[in-house]
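I have a structure I would like to understand better, so I am pasting it below and will then ask my questions one at a time.
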Amino acid sequence: MVPDATFTSYYGRPVVKAAPWEKDIPAYLFLGGLAGGSSLMSAGADLSGRPGLRRVGRLGALVGISASMFALVHDLGRPDRFHHMLRVAKPTSPMSVGTWILTAYGPAAGLAGAAELRPLLPARLRDGLAGKLLGLAARPAGLGAALLAPAVASYTAVLLSDTATPTWHEAHNELPFVFVGSASAAAGGLGMALAPLSESGPAQRLAVGGALLELAAEHKMERSMGLTAEPLHQGRAGQLMQLSKTLTAFGALTAALLGRRSRAAAVVAGTALVTGSACTRFGIFEAGQDSARDPKYTVVPQRERLNARASAGGT
Amino acid sequence: MAECHPVGFQWVMEAKARGAKVIHIDPRFTRTSAVADTHVPLRAGSDIAFLGGIVKYILDNEKYFREYVVAYTNAATLVGEDFVDSEDLGGLFSGYDEEKASYDQSSWAYERADEAAAAGDREGSGKGNGAQDGGHAEGHAFGSGGPGLDSHEVQRDETLQHPRTVFQVLKRHYARYTPEMVEEVCGVSRAQFLEVCEAVTANSGRERTTCWVYSVGWTHHSVGVQYIRGSAIIQLLLGNMGRPGGGILALRGHASIQGSTDIPTLFNLLPGYLPMPKAGEDESFGAYLDTIRSTEQKGFWTNADAYTVSLLKAWWGEHATAENGYAFDYLPRISGDHSTYQTVLDMNDGKIEGYFLLGQNPAVGSAHGRLQRLGMAQLKWLVVRDLNMIESATFWKDGPEIATGEMKTEEIGTEVFFFPAAAHTEKSGTFTQTQRMLQWHHKAVEPEGDRRSELEFFHLVGQKIRAKLADSTLERDRPIQHLTWDYPVDEHGEPSAEAVLQEVNGRYVSGEKAGRPLSGFAELKADGSTACGCWIYSGVYADGVNQSARRKPGREQSWVAPDWGWAWPMNRRQLYNRASADPDGKPWSERKAYVWWDEDQAKWVGHDVPDFQVGKAPSYRPEPGATGPDALAGDDPFIMQADGKGWLYAPSGLLDGPMPVHYEPAESPVRNPMYEQQGNPTREVFKRKDNLQNPSAGEAGSEVFPYVFTTYRLTEHHTAGGMSRWLPYLSELQPEFFCEVSPEHARERGLEHLGWATIVTARTAIEARVLVTDRVVPLTVGGKVIHQVGLPYHWGVGGGGAIVSGDSANDLFGLSLDANVHIQESKVASCDIVPGRRPTGPELLQFVEAYRSRAGITVETGNTRHTAQEGSP
Amino acid sequence: MDARKTFLSWPVVRQLTGEDPLGRGAAARSARTAEIRPRTATADRVVQSVCPYCAVGCGQKVFVKDEKVVQIEGDPDSPVSRGRLCPKGSASEQLVNSPGRVRTVRYRRPFGTDWEDLPLEKAVDMVAERMLDTRARTWQDVDHRGHRVNRTLGFASLGGATLDNEENYLIKKLFTALGAVQIENQARI
Amino acid sequence: MSNSFFGPLDPAPDAGWVEAPPRKGFFTDTSVCIGCKACEVACKEWNAIPDDGMNFLGSSYDNTGALGASTWRHVAFIEQSKPLGTQDAGFAGTAAGPAATDVLNRAADSALTGDRSRLGTDTNAVDLGMPKVELPGADGAGRADFRWLMESDVCKHCTHAACLDVCPTGSLFRTEFGTVVVQDDICNGCGYCVPACPFGVIDRRIGEKGVTKNVGIAQKCTLCYDRIGDGLQPACATACPTQSIQYGDVDELRERAQKRVETLQAAGVHDAKLYGHDADDGIGGLGAFFLLLDEPEVYGLPPDPIVTTKDLPAMWRKAGLAAVTLLAGAVAVFTAGGS
């Protein structure tokens, strides 16, 4: 395989550095999206009287955001200094913005999720003052979380794009849509898989709509990225992206056709969508890392930009 | 220079920025070449041909600085009739004694005005000269002064037309050093060679000067001294000596390697380049003095009696009296070569019991590492003093010979003492840097643990020995009992380095000034009234002030910076600077003014301390029969030379000829294209089974070792690595031993970049990682392509705690020495190189043995010194 | 600690109240950063020295704190080096403070397989004994030709180019007085 | 704050420094670099940076590889079959075949360990569009031109510093000198600055906690914040034997650099060009800029870097739109379809 572009580099070494992140970060992206989508879903379920779907959503958000936060902290070089994230509030830093969003969202989603666990508590606790307050707070907390949830689901796209990692950065126009689509698909899939069939209509629609948005946005994204889309089709990242598309399309189709008819089909579709969403995050993550490790993706587009500028300048 | 002396190189870069042209002549394209205007790749070991070509160019094109040459050099001096040049003897000079492989130098002498004698019978003549038979200790003994002459009354023809003037001798001698010959010998194209000639001559003369800079790799040849002579001839012809921006700058690689020659830890010298007395010759003090200088000659060496007496007074104080010849007989006598390589051979022969290694790692840093290690294994005791646990201290457990089975730890009887040394921050004292400047470094902290300075260690050893011998009645213990050894010590037991420096500087020991420090060597007396540990350093404590500790910031003083440190002699920053003015004492040009004669003040003035008697007018002419300094005319700038002139031709003192001749290296795949004589006929060889040589061109088996290799340093390391391989910050920059080869060579031998290569000589085989690089280029020499392999020599197999390790390049070399100075040829030899790692264990020995037998090597191989048919054209 | 002070030193508050609303500069500086000082400034003393590597003789400034060398850098006063150092000179602090540097005397007895400890004083004494024993055993009044030599060829020395002149002077003086002549250094290597 | 994200800017006042001193920076003139690596050592010594692994890379004399958490100065070495101005490399007329430079460029970095281990590019897997690996000399063309380029690379102290902008803790901050510094008492090792840097400068240190200093913390050149605050020069500039590394006021350095490039051009070094000196470039100009003798990518520098935050407002807008889309979608799925 010979790429079209010839270029020069320093002993084939990367120009930019790949992020020092391990699997924690794509997991965090996925789980955050799942949580955000779930909060929205649960709020809708709450307001529209679907307690089963509400429970799945709230618990999904609780588990998702907890695991997400764990992954984030785990990935830190100095986890003991996690709280330093709250020293400053920087609009220039998607991670800072995200931290503040999570700071507001996390307790809300947590409260709402905890409320769903109230029935499991021993009676003394469940019916005590705290228990009662928890019950009262559940809805406002859930609604608050839902209001923040879209930001939770979308800011991570900016987090990736606001880097010099070629594939992430060049994806910046469409990546938020891919991510919110992916979040919807995952949350919807979760709802389909776990909520009673009778309540899972909105989940099905959320799933299908999200999947379609994801696939469409992803398609547009790849076409706008030029050379830097290449890593999305190569190696492990390419496999993950392919898997993601297949699972998402399959999940969406299954959900649309059979999602309300068969419990089993709903579980299959939901699982496919959740997994597909995870593959999207891991695939995009890996593709970006690959693009950083190969100087081609840094040098060639910049060189082309320079050449274009030079010819535009008439020199 | 950029490679090994980056900070010194700042001045070259500054000169370049001001328009100077920088030419770099080196087999490899180095970091110096990278920023030079021109890089000239030449074959390692061919420099004399290159320099000779420039001499011929200067003479043929009349580019010499005639006024300077006539007035300040011996160009006009007539050589005696007996002299026969190498042109007429197939590469030998007259006087060659085949049996001794040395010259009787009497035929090289100047023609005497009184025609009384043609005998410059001083050095070399009639003395045993082979390494095996002793008598090889002379060449280095002249230091700053050069050898004596019987008389300065010489014949001169200032028209330079007389066929026996040095000038005409030079012309004939260099006749065959044509650009074509340079191309054939050096592999340098004529065009590029002429570019260098033009640049050098265009930048010399009244208004401009050219400086030659060499790093001491130039000395690492069997003709090393003549390399430097070659550039000295160029510089004298072009009028570049003694003038600002001119000269020959030796860049030396150790902090005080200059100092360790001035105050020598060398076998053949006493402090200040006074020779060690020789057995059978210097039986009396008078006889000794006579061998140092002729009382009839010009120059300051005629005062050697004062220097010597003062030294003896410094060492033996009141016990050195006129009656006992100032304890001259307390000095041991040398007989022949006691240099480090001879000593190591003696070690191998079981003749040496004890050895001190003081900040030196010969197991890695000296040529023929195997011989070094095997020798140390024969000792009774070994003392190593160093900062780190170097290979020379651990050879008994990790030497390569342990791996091959040649040595077994349990069978090595050497008792080893390792003393941790104090670092430069943990002691006060002076280093003498490469331009003869002493700089005092102040102690910053006390050394920790058992770390001690050499000063304290040897002071203590001396005290213990003196205590043990205090009651001895043996004659041989007198010098120890009478030795002046009372140095004040501080509360930690450290003797005062200042007190030692004061002793070196010297003081009056009697008379009204008794006890006062000397202000310079001119005050030294031969009557025992002064004591001085090193006459050339006299003045470093003038006025009771440590002049070496002066640190007036450079920006607050003139560009000569005379108030920073102290340079010997007498704080002169540039030697022979009288030559910076014309014979009348005026600067050759305003641009190049340095010191000049001020008529009004009737003295020499200028930017530097004049290297001349300050009140001696340019017009001064000595009385007939005058000797010593008084015999120097007002226009004799080379005041330490026996005739006051710069020597284009050396009528005595050099063991291998009065002028340089291109000889091939001791091991060379090239037959000497210039003369029948292949190698230096006077080089010191050691015909031993443990010192086999590769056959050279013209001998059977030379094709087995078809390549040339050279060794060098890298910026990131220091010599044998004792001060760099133990430091992570330096080790990580050059972590592995590698060889540098050209792409063409790699292809020929199947060497892969970053793979391994094995390099083989008659001594051993070593392995290195391969760097294929365009910086190494194959050269065409005599119609044949010569590939050169580059090997940095910093690595060794182990030691204790070294961060990086590797095979040692110096293990490849055998011993062949320059006869003048006993320095090994370790910048060039022949080898083979093959891909892959070397065998290990006993198989390594078999591998090397197979090479030897293929090449048919015996102890005679490569050791035939005389290869010319005398008298043939 | 004063809670109000703590609150006011919270960078977010400084962002909102100061000149750095985006929190990228003044507001983000930590208290420790604000107090940072170079160890050249906090050293107890500065000692002028000379680089121990090659013979260019670059000036060094050695900074000492609590009787430890904490920094070695080029001395801008030096007309030789104008404050600059090469990589080796720049590594001088590591040279003197290297944890790998040997601290105590090491002794390997004849035929021994490993190092042993030995007190310094005793080791020096043993060396003096060895020198005298060897000297006595190998002393020559005359050589084989009958010429007076007054010497021993029983022990030799190599080294000195990295040492001070004063040290070389004592070495040469002591060895010569003992009649030892095989004293050599790097100048011939 | 008009140019807070992009365009010419004096960064210190923009970051809240009242009466900031003149902006400080480096001008690295590679035309006088002799590749001695004094900068690397002086930097490590002053900043007590651990060694970065004993890696023999075969990249000419470069065994450091790249900038990283434990390498704040990196000297690049490039061997090329090109002339350097009027320099005579001395190879004309020799028995030389074609160049080995491509072989060198393809040297595998498998030997990289330590903090740089993940920088290694497996050149077997990534074809760089260069000639096939063959032993040189195969096609018989001689090499006459040659030059050896060296460049001491360092953090650029960008006018618009992505690392600083994305840092969520304020560990990376803009100093009063306009430089960009990590506060190692603050950094929690989130690692975000690493991919943000368009030059691949900053990295998170790996190593054994408790053995190696500052493991897990992002590290890079501080322009010796402690030293310059006391009126000293940074360690590397102090040591640099040939003044390839020049420290000073950025404005003055820019003028000096302009003159230098003109001098070199006049002397026939037509390749000489400045990199990062232009306040109108994608970074707003670099605080540490360079005089190069070839294209930036030859030295491992990006040819046309643009700070990622240039697009940040647009990114937030898109993210907002996506969030609204999500919210709207969620509302829609519950309001449409009824049950």
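Order of writing sets the labels: A, B, C and D. Residues in every chain begin at 1.
One rule holds in what follows: a residue touches a chain if its C-beta (ideal position, glycine included) is under 8 Å from a C-beta of that chain, and two chains touch if they have at least 3 such contacts.
Keep in mind that what you see is a predicted model, and the values were worked out from it rather than measured.
Student: Pick out whichever of the two, C-D or B-C, is joined by more C-beta pairs in contact.
Tutor: B-C
Student: On a C-alpha centroid basis, what's the spacing between subunit B and subunit C, in Å?
Tutor: About 27 Å separates the centre of subunit B from that of subunit C.
Student: Which whole number of Å gives the spacing of the CA centres of subunit C and subunit D?
Tutor: 34
Student: Whole-Å distance, subunit A centre to subunit B centre, using C-alpha means?
Tutor: Whole-Å distance between the two chain centres: 73.
Student: Between subunit A and subunit C, what distance separates the C-alpha centroids? Give it in angstrom.
Tutor: So the centre of subunit A lies 57 Å away from the centre of subunit C.
Student: Quick one: which residues in subunit D touch 2 or more of the other chains?
Tutor: Residues 36-38, 40-41, 45, 104, 107, 165, 170-171, 186, 241 of subunit D touch two or more partner chains.
Student: Could you tell me which residues belong to subunit A and also touch two or more other chains?
Tutor: 87-88, 90-92 - these are the residues of subunit A that touch more than one other chain.
Student: What parts of subunit B, by residue number, touch at least two of the other chains?
Tutor: 6-7, 10, 715-716, 728-730, 733, 803 - these are the residues of subunit B that touch more than one other chain.
Student: When you draw the chains as points and link the ones that touch, which shape shows up: line, ring, star, complete, or other?
Tutor: It is other, because the touches fit no line, ring, star or complete pattern.
Student: What residues of subunit B sit close enough to touch subunit D in their complex?
Tutor: Per the stated touch rule, the residues are 2, 6-7, 9-10, 13, 29, 31-41, 187-189, 191-192, 195, 714-716, 728-736, 738, 742-744, 746-747, 753-754, 769, 771-775, 777-780, 785, 803-804.
Student: Which bits of subunit A are touching subunit D when the two form their complex?
Tutor: 1-3, 5-21, 36-37, 40-41, 43-45, 47-48, 75-82, 84-85, 87-88, 90-96, 98-99, 146, 149-151, 153-155, 157-159, 161-165, 168-169, 172-177, 179-180, 183-184, 188, 201-203, 205-206, 209-210, 213, 288, 292-296, 298-299, 302-303, 305-306, 309
Student: Can you name the residues of subunit D that touch subunit A in the complex?
Tutor: 5, 57, 59, 62, 65-66, 68, 76, 78, 104-107, 109, 118-121, 123, 126-130, 162, 165-171, 186-192, 194-205, 215-218, 295, 297-305, 308-309, 311-312, 314-316, 318-327, 329-334, 336-339
Student: Can you name the residues of subunit C that touch subunit D in the complex?
Tutor: Its residues touching subunit D are 11, 18-30, 32-33, 36-41, 71-74, 83-91, 93-94.
Student: Give every residue of subunit D touching subunit B within the complex, in rising order.
Tutor: Against subunit B, the touching part of subunit D is residues 31-32, 34-38, 40-41, 44-45, 50-56, 58, 60-61, 63-64, 79, 81, 86-101, 103-104, 107-108, 111, 135-138, 143, 146-150, 241-243.
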